[in-house]
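Per-chain numbering from 1; labels A, B, C and D assigned in written order.
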Amino acid sequence: MSDYFKDIAPIQFEGLNSENPLAFRYYNADQVVLGKTMKEHLRFAACYWHTFCWNGLDPFGGGTFERPWFAGGTPLQLAEQKADAAFDFFTKLTVPYYCFHDRDVAPEGADPRESHHNFKHMVEKLAAHQERTGMKLLWGTANLFSHRRFMSGAATNPNPELFAMAAAQVRDAMDATHQLGGENYVLWGGREGYESLLNTNIGHELDQMGRFLNMVVEYKYKIGFKGAILIEPKPREPSKHQYDFDTATVYGLLARAGLEKEIQVNIEANHATLSGHSFEHEVATALALGIFGSLDMNRGDYQLGWDTDQFPNNVPELALTMYYIMQAGGFKTGGCNFDAKVRRQSIDAADLFHGHVGGMDVCARALLAAEKMISDSRMEQAISERYAGWGQTWAQDIMAGKVGLDALADQVLANNTDVLPVSGRQEYLENLVNRFV
Amino acid sequence: MSDYFKDIAPIQFEGLNSENPLAFRYYNADQVVLGKTMKEHLRFAACYWHTFCWNGLDPFGGGTFERPWFAGGTPLQLAEQKADAAFDFFTKLTVPYYCFHDRDVAPEGADPRESHHNFKHMVEKLAAHQERTGMKLLWGTANLFSHRRFMSGAATNPNPELFAMAAAQVRDAMDATHQLGGENYVLWGGREGYESLLNTNIGHELDQMGRFLNMVVEYKYKIGFKGAILIEPKPREPSKHQYDFDTATVYGLLARAGLEKEIQVNIEANHATLSGHSFEHEVATALALGIFGSLDMNRGDYQLGWDTDQFPNNVPELALTMYYIMQAGGFKTGGCNFDAKVRRQSIDAADLFHGHVGGMDVCARALLAAEKMISDSRMEQAISERYAGWGQTWAQDIMAGKVGLDALADQVLANNTDVLPVSGRQEYLENLVNRFV
Amino acid sequence: MSDYFKDIAPIQFEGLNSENPLAFRYYNADQVVLGKTMKEHLRFAACYWHTFCWNGLDPFGGGTFERPWFAGGTPLQLAEQKADAAFDFFTKLTVPYYCFHDRDVAPEGADPRESHHNFKHMVEKLAAHQERTGMKLLWGTANLFSHRRFMSGAATNPNPELFAMAAAQVRDAMDATHQLGGENYVLWGGREGYESLLNTNIGHELDQMGRFLNMVVEYKYKIGFKGAILIEPKPREPSKHQYDFDTATVYGLLARAGLEKEIQVNIEANHATLSGHSFEHEVATALALGIFGSLDMNRGDYQLGWDTDQFPNNVPELALTMYYIMQAGGFKTGGCNFDAKVRRQSIDAADLFHGHVGGMDVCARALLAAEKMISDSRMEQAISERYAGWGQTWAQDIMAGKVGLDALADQVLANNTDVLPVSGRQEYLENLVNRFV
Amino acid sequence: MSDYFKDIAPIQFEGLNSENPLAFRYYNADQVVLGKTMKEHLRFAACYWHTFCWNGLDPFGGGTFERPWFAGGTPLQLAEQKADAAFDFFTKLTVPYYCFHDRDVAPEGADPRESHHNFKHMVEKLAAHQERTGMKLLWGTANLFSHRRFMSGAATNPNPELFAMAAAQVRDAMDATHQLGGENYVLWGGREGYESLLNTNIGHELDQMGRFLNMVVEYKYKIGFKGAILIEPKPREPSKHQYDFDTATVYGLLARAGLEKEIQVNIEANHATLSGHSFEHEVATALALGIFGSLDMNRGDYQLGWDTDQFPNNVPELALTMYYIMQAGGFKTGGCNFDAKVRRQSIDAADLFHGHVGGMDVCARALLAAEKMISDSRMEQAISERYAGWGQTWAQDIMAGKVGLDALADQVLANNTDVLPVSGRQEYLENLVNRFV
């Protein structure tokens, strides 16, 4: 047991009248919404990296956080202390899931074997913590972007030996995820892109990436991992351009590699906005393309051009995202992982709880709003009425490929009738949404 | 013959020492570069819409241009005057090609049949002008975004009758393009996207778009059109989100519709930068994906968030784009169409020439720079050396699918050797480029 | 009386349980909040231009709205019909104020005198409508950006004759504002900036602008206008760069012209975000600099790089803006003018009401949230506690200029004590805000 | 003498035909341009921080550079090794100037006194290096943003004790700059701004900043420092909003503090573009406002929303900036400091030279282009002709305040003449510029 959080009591639902800043006012784990408990719907996860690994460093300044597990022991001892603190945090926060990168939980060793053994050692510790606490793993992943060896990419590195080193790390991370009962395995290509076209062969790198993704899927079947394989789109940063720019781009990548039925997306709110889309756009697009998997829940800052990974705090913004997901049946293997970090000036242990508690309550409010939208049904009706014309036989024939350009054109000239446009009613619909948030 | 340009003499190549602002200093049509004449390589086109239709209007003010064909006759008379002026301009400018939308050349009629007949009438006039002048059509297209009936989209309209009206317009535009010997047919989906998710069914609209594209391809084969079908990606504007966001997104759309071998992209510089990419990125991506078709040559303003369609004027920026295209063998059916307009304060007839002459010279300089890059070969060598490791047998086996994650991981642990990163040499390469521009 | 809105009943407050989409659920004009009625606090205005003049045109397509006053009469007859419809709309909407540009209400004439007389004529009509309905004028302004004569600027035009024509229009607009009892006079410099530095003398144009502003202030005193003179900052669009970029820039302009006590800012939400700031930043900055005047209430789209002027619909975003204003004592001469337009697909008369009713309710919710924030007082306390150290005598001496760099540096070295940072508690504060919205 | 650069020979001018990538092709220090040598005009400086302190770390990965002075000694020993290497680099590069932050050259100590003594110690070493090599200091500055104590600002910290600690560091840095003959002293407010308005009192912080700037100016006079005091504008990053957003904002800050004659700006290209302006805009604005001081020469990436600090490599872009400066008489105390860093994949010692040599050549080309623009004079004439009307007596009377709004308006109505707009000729001017680059 860590004592870093000893002053924090387990977080409880206290309802709207609570003045306790470290209580839930909306997130009531066992409250039934749309046929399931909030806990079952939201499948909250806390992440290892931002909360337990980041020290507050930014490009213009050093660390501001002073966590006890940052110094004062061997790397493995510190990793164990960190795990103690992490599970203490997770359980006090009452999230059912957590997520990690291999290098978050175990230190990089002096050579590949030592890294491998460090990781194996810590996975045993995590297994024990899970056993002890009932915590579950939402997803695992491999960090293929922090070590200098991957400065020019991992799967898309110009050097095949680094592709092999990436493969080794991913095998270990997939094995660990499988062993720990993880429900998904995630790939984020922080350096899978380029800094300059001048030293880059895009075509070759896209082929490498396609091959790597296929290897991951093959290995999933080989070991019998039943979870989903997910890619997390991001347009840039750290790379100038990343090959997994956004959901539509990832769809193209997957189609090119023949994997559009095998891999889904883990959509992060801040990555969505950095790519020039709203969060709900990315989710709605993934649902439309059949590749929606999971969420990295956070928010960016609309005035900043980089990934700020702040906790979500705007209910109206999140409510639509939640609505689209719930309307489509809710999460399957995915969930709401807080890929979010407290600001670098938020240096107290309590701040970590403030960030997550606030974020969880915002998600719960969004879920409650989505429930209202669904039971009200006017939003859904507005859409179905607008496209109702496509239910006509002649229109279905178009979609079925029975009618060609020529026949349609003839019909238009034959009838010589024009079509009057009808109002899109956007303001009415926006006001309608505001009834629910 | 129009007399709007009567004070402008045909533009000639006068070389570097010319002080004539309306002469080419670099573009020497018959000069051989990389095995072809500049004219054959660059395949310049001027566009109808910006130069002959736009009156200088912007969202905050009315027209500033006073062209003689804007008023003072019946719509068809004015369309004929406009065509006279346009061909006068094209020939004085010495571009071999032009491009148009159906509604640029012929007025919208009171009903579909009248529009159809107006267009047919003007296509005959264009044919006669082509015959008379030797001008050729680089591509034709249909304007499916200006009329209010298409305010909610054309192929992706919620109303199938508008899908049919779009089909009618496209058939006419394809027929005209075929009749006029056009070398490509272009689709730009100005309203194929959404303003608000609240009234949009993305999945249905993507299916509509896929079906429409297939109809276009089917019709191409039906009429024996030998040119290429092109989509012009654009991320937004006028729509909040357009389904043809960028080249990678279009690739995904095409793959989903089974058309990635049938349709290519017409890449516009300003659309590239609005989508968060450099122009050369879009071109290199299209080449890598096998869907590069043609260019809409212009530039945006890096501080402005909308499509400014200015004439290209930065040689170093354009040189890389030209290099990638020439390295890949140059244009096939495509060319360099100036989708560019003079600023709304540039109200004189001569300004139209200044814009194009400057743009053509910038392209010629970029082509000359590309020639130097190719003959020098150090840029290409730097890439091939960087990826040389992938030529090894074991690395080729990875790409060929003969080796899996497991085997690679075992090999890494067996050898336990780490890999040292090597410099990406970006600054060296950037300096190398600067030798050629 | 116009009959364009004959199907719309006057909008009433019906409270939260109302299912009537054209009723207020929050805006209860006579409800007292923070010591005044909502009506007195919010001082709502509807604008003439977007709702009565714009026809739905965008850069890629023609008008979509078909208002009866757009065609079918002489320009002055249509202007009168428009005024009838406008006052019908204002009174049904129950906003107490309206705003206009000179050219919104009266047509441009064939020459300056005709324009002058047209405007005079319509000002009489407006006066009669005000008299009849009790409507008041929040502010008037002159449109110095739509006519082609102003394509290169008005006050900052390279031609002094256009400076004079701008002066003539502004005098008329100030006279009209004065005559109609307007509470403010606004200047928006849509073309007061540049398209290209290549034809621009920034220094001269800034001097021209400074002189023009001084002339406006001199004239205000000359005619005894008691309202405020306001500048509306905007970073760009239509100009590439506008001299009134944002609030801080306007402060500098005013200081350079000696007018920082004479002119205030009219802050528009969408202009704020286009300039790289949040709305609340612009408001808080103006309050800090002592130049806060009024609001143009709307919202932009965070993914779009141009001024979309949508109706506000995000309560949490607006609540902070309202909080800062109310905390500083509320509006004086200013108010909430809806510089907002329905989407171009929202073609029905009712859509104009949906936009405004939704916007007014969102503002009312924001005001109610601000009231809660103020009565709770924890937000204010957090700030005052954080800066409490500056209340110490030695710290006040610094601010008073009694202590120099040298003395402070000596003191630090003498004491040799370091200072521990304290948490900024941002997440705690964000959660606190979420209690009130 | 460091041996890190032992394989690099001093960089020499070899002219256009040189194939040596580590030679100047354009920068010929002693070549006379516009009446001075290139060396005298450009006043190149290399910076300490990016080249000698940064280890290649980014927010997603650790260091990639392995410099000998990063490890293996006491902090002061390493600082001395670093200084040896730095002066070795400066002299081989043949830049006449360098720039530093206090903490770049000397390690932070355990307490203020130790930091003070470390710095004093290293300033003596720098003095000796300057004496030995003839290198000069372009400017010094204090790093008030990297240490965690300054996480909430320095001059604008809510805690006055941190204001005092900032004062102590600045006094030392000003003393050192004075002692080392520095020609300017620079202030960059990396944390002088806010992360969240919720914990910020903007008005108080602006007052603190104004007072701090006044203290700096008072101290300058006290010690008899003859150089210029400069502020380096930047819109955001690391802070969400910085008070020195851009040149116009800084002008307002200075005017509010009564310092617009005392402090000038150090304009960085990448900061310009992050603030929504072109580099030449910021320079032209500073010249127009009389506060132009010096340049931080680099470039950003137009697709990236953060400060990439790349070496300049686009001659056309830089040429205009250089033209405006030269047209205004050239640099006074300022110069061209490379606030630029090699990419994190550029890990070789030689890469540091490639970056700077390329950047210096680009600046030299831009200077040569500016010379051509000035001798040609058509660019200047186009401007003076465009504003010629303001030379008329009646127009000068306007500017002199002799004519009011009323008189001008009367004159317009009396004459009732309209003014025809004239072409802005932007395309002609852009083509003209392209003759010189």
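The rule we apply is simple: a contact is a pair of C-beta atoms (placed from the backbone, for glycine too) under 8 Å apart; a residue touches a chain by one contact, two chains touch by 3 or more.
Owing to the predicted nature of the structure, the values given are computational and were not obtained by experimental measurement.
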| item | value |
| --- | --- |
| Chain pair showing more contacts of the two, B-D and C-D | C-D |
| Inter-chain centre distance, chain C versus chain D - centres from mean C-alpha coordinates, in Å | 35 |
| Whole-Å gap separating chain B and chain D, where each centre is the average of the chain's CA atoms | 39 |
| Junction residues of chain B - those touching two or more other chains | 64, 148, 151-152, 195-196, 236, 241, 276-278, 303, 343, 345, 347, 421-422, 424-426, 430, 432-433 |
| Pairwise touch network: line, ring, star, complete, or other | complete |
| Residue ranges of chain D in contact with chain A within the complex | 56-64, 145-148, 150-152, 190-191, 195-196, 236-238, 240-241, 274, 301, 303-307, 343-345, 347 |
| Contacting residues of chain D [partner chain B, same complex] | 21, 25, 64, 273, 276-278, 302-303, 311, 313-317, 342-343, 345-348, 350-351, 354-355, 357-358, 361-362, 421-428, 430-435, 437 |
| Residue ranges of chain D in contact with chain C within the complex | 111-113, 116, 148-149, 151-152, 158-165, 167-168, 170-172, 174, 195-204, 206-208, 211, 214-216, 218-219, 222, 235-236, 241, 245-246, 248-249, 251-253, 255-256, 275-278, 280-281, 284-285, 287-289, 320, 324, 379, 382-383, 386-387, 389-390, 392, 394-395, 398-399, 401, 404-406, 408-409, 411-413, 416-422, 424-426, 429-430, 432-433 |
